[in-house]
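The data blocks that follow each hold one structure.
Here chain A shows up in two complexes: once beside chain B, once beside chain C.
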Partner chain A sequence: MDSQNIMFVILAVIIVLSSIATVLTKSIIRAATYLLFVLLGTAGLYFLMGYTFLGAVQTMVYAGGIIVLYVFAILLTDGAKDQAAHKKMKDASWGVVIGLVGFLTFVFVLFKQELFKGIAALGAPTEPTGAANNSIDQIGHFMLSTGEEGYLLPFEAVSILLLACIVAGLLIARKR
Partner chain B sequence: MIQIEYILLISAVMMFAGIFGFLTRRSTLAVLLSIELMLNSADINFAVFNRMLYPDGHEGYFFALFAIAIAAAESAIAIAIMINIYRMLKNISVDKLQKMKW
Partner chain C sequence: MFDFSIISSWLHGLLTGFMPEWAAILTESILVALVIITLYAIFAIVLIYMERKVCAFFQCRLGPMRVGPFGTLQVFSDVFKMLTKEIINLRGTDLFLHNLAPFLVVMASMITFACLPWNVGAQIIDFNVGIFFFLAVSSIGVVGILLAGWSSNNKYSLIGAMRSGAQIISYELSIGMTMLTMICLTGTMSFSEICQQQYAEGWNIFRGHLPAVIAFILYLIAGNAECNRGPFDLPESESELTAGYHTEYSGMHFGYYYLAEYMNLFICAGMATTVFLGGWAPLHIAGLEGFNGIMDYIPGAVWFIGKTLFVVFLLMWLRWTFPRLRIDQILSLEWKYLVPISMANLILMAIIVSNGLHF
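Presenting the complex of A and B:
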């Protein structure tokens, strides 16, 4: 076992246990905390794949922004003392059935199919070269170019979406 | 070595945990947390498919990047709606939100 496999096992255990704890714990503020660990583990997976910028964005936007927003919303509403999450087991049983059946179907299909037979396993993150170079200057170039592999249109669309989001957030949540 | 199936299995656990939470939780904020779980597992899949199947491309990478931005916008609006609902009804449980039922 090299260090990458050990890191992957640690991240996998963190993600799996925390994501199950997120949906099973009763208090919502604890669910938000477990979700924070899931998101940080996901950022670790991105780092493991060599996508460092994506991991950094994941850490900043999700772990630093969205989770803080959720914690504020939970504390502003009475969500922190919501205890009725699992009072009705009749409703929960449907979720258990659908979740388990879906997951087992997925596992069955995943290990039956032959699509990934020739795919090389993820090795140590090497310094990518050429077209696969996802360094930050390369990403900025892709973001603001209009050519074949430019992403200027979705970039501008996201900027307009975020502007509309700011205005709508103020409009919806303001005091009347 | 880390096969692609292992990472897909992790994201499947996240996805179905999110589906389970979406169907069973009673508080709308917990439902939103479950939605974040599902979005996040989809992002992992985009990045993994890009890294393992098309290492020379960057489409999945950028799709994950834009999906993160859109998820941030979505949760901001949803939390504004939740705070507004709480101000009107003093409750954000899905059982109590019946004003918009047909």
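Presenting the complex of A and C:
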């Protein structure tokens, strides 16, 4: 048990407990706060693996962007006073079925891929490598190159999608 | 120049001598955290004293004069007063979120504080993606402010939190844009490399001439707005909202907001110093070797703190000179003026860098 594993266990416990709290809490704004801890814990996992760029993106987009957007929306729409209504089992049954199907698929894929053998072969997580630390230059090159490993087309397609979202938002919000 | 990594590597060698690697790293982390918290408190006290004196001089007053020589002990007595105050729990509010919010704000501010490069080899958090990490972590503080406003169960607090959220999210855009402009010039996001580069080739504000000066001014405006300070202090405008989002806080919980506000000012100034004014790099004038040699004898930490306090003074000057803006004026200033200017500035910088027109 080295320090990497200890940090992983701490982060994992934070993520699991916060995820459970997110689902179980009655108040919607508390759920958003617990979700913030889940996302920060995930960012912590990325930092632990040495993927600083991914961790920073996770913090910026999810913790700084999505959660702020959620909290803003809750405050503006008066949803903060909404408490989760007591649902009957009949309403929840579809959710249970979908959840079970998802879980079974996940377990099936896990065993099909012989993931456990792979993990056993890998051994303990290693220190971050130099390649992981240098990755921002590589990401930049991959994003904007058209060659074998280039991602220029998906990158531009996503930007067009975002532009369409902005235009649609303006269209909805404009003064008539 | 004095290299601080001599001390840190000596300490690492000493600790690994009698304990395993991970325990040594843990001990070092705790030591560094203690140093950060101490520096955080010391600089908050310095800044609060400075703010009062600067404010007083701008208003033709003397400021605090009674407690200690020139009022230097005034801030300490204020801190002790705040520590002894009762923390009041409000009835009918979400106590968990109410008590959590100040810690989120202080945590975001402390992590960003740890990003500052103090000296050669004295960076605490130094990633390959340093500036991006800095921007990412500084955006967590908004959640704390929004939660504080909501959990106070008070309409003034809620309005203050909304204004603060809208303002901070908007001005983050121009901060990101100006940072991108400077990254375009430096070609790296790591704080240590940025400082090293400026030590070798001159401060960025001289290297990048026109676009760098424009970016510096934009950064100062946007940074002042990020810190919720005047002329952008709408979230806590006392004449309209009593104290904005921290109206309902008492004792040390209020103290955390106060601390975070002043430290955000220091961090904002420190980032301006790092990116534009050379960080710990001394002032070098090309051709004057003797002068440069003398400047190298002044330690990097003195340069960094001196330049940061100079930028802090600029920001305080701004605050105590201009009247407060309205919320619509704040948002139109950002979206109609600062964002287009910073975008055009980014393109200008890209043209200058790609044609090699910088120094």
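To be clear about the criterion, the second predicted complex is superposed on the first by the 123 of 176 C-alpha atoms of A that agree within 3 Å, B and C clash if a C-alpha of one lies under 4 Å from a C-alpha of the other, contacts with A are read in each partner's own complex, and residues count from 1 in each chain.
The definition used in the following text is that a residue touches a chain if its C-beta (ideal position, glycine included) is under 8 Å from a C-beta of that chain, and two chains touch if they have at least 3 such contacts.
A quick note: this is a predicted structure, and the numbers were derived from the prediction, not measured.
Once chain A of one complex is fitted onto chain A of the other, the partner contacts of A:57 extend to both chain B and chain C. In the superposed model, A:92 makes contact with chain B only, not with chain C.
Once the two complexes are laid over each other on the shared chain, residue contacts for A:16 go to chain B alone; chain C is not touched.
A simple residue count on chain A separates chain B from chain C, and the partner touching more is B.
Once the two complexes are overlaid on the shared chain, A:136 sits against chain C while remaining clear of chain B. Of the two partner chains, chain B and chain C are each touched by A:65.
Contact with chain C, but none with chain B, is seen for A:33 once the two complexes are overlaid on the shared chain. Looking at chain A, you'll find residues 57, 65, 72, 74, 76, 134 touch chain B in one structure and chain C in the other. Those residues of chain C that touch chain A in the complex are listed here as 21-22, 25-26, 94, 96-97, 100, 127-129, 132-133, 135-137, 139-140, 142-143, 146-147, 149-150, 158, 161-162, 165, 169, 189. Residues 1-10, 12-14, 16-27, 29-30, 32-34, 36-37, 40, 43-44, 47-48, 51-53, 55-58, 61-62, 64-66, 68-73, 75-77, 79-84, 86, 90-93 of chain B touch chain A in their complex. On chain A, the positions that touch chain B within their shared complex are 4-5, 8, 12, 15-16, 19-20, 22-23, 28, 31-32, 35, 38-39, 42, 45-46, 48-51, 54, 57-58, 61-62, 65-66, 69-70, 72-74, 76-79, 82, 84-87, 91-92, 94-96, 98-100, 102-103, 106-107, 110-111, 116, 119-123, 128, 130-132, 134, 142, 149, 151, 154, 158, 161-162, 165, 168-169, 172-173. Across the complex, chain A meets chain C through its residues 2-3, 6, 27, 29-30, 33, 36, 40, 52-53, 55-57, 59-60, 63-65, 67-68, 71-72, 74-76, 80, 133-136.
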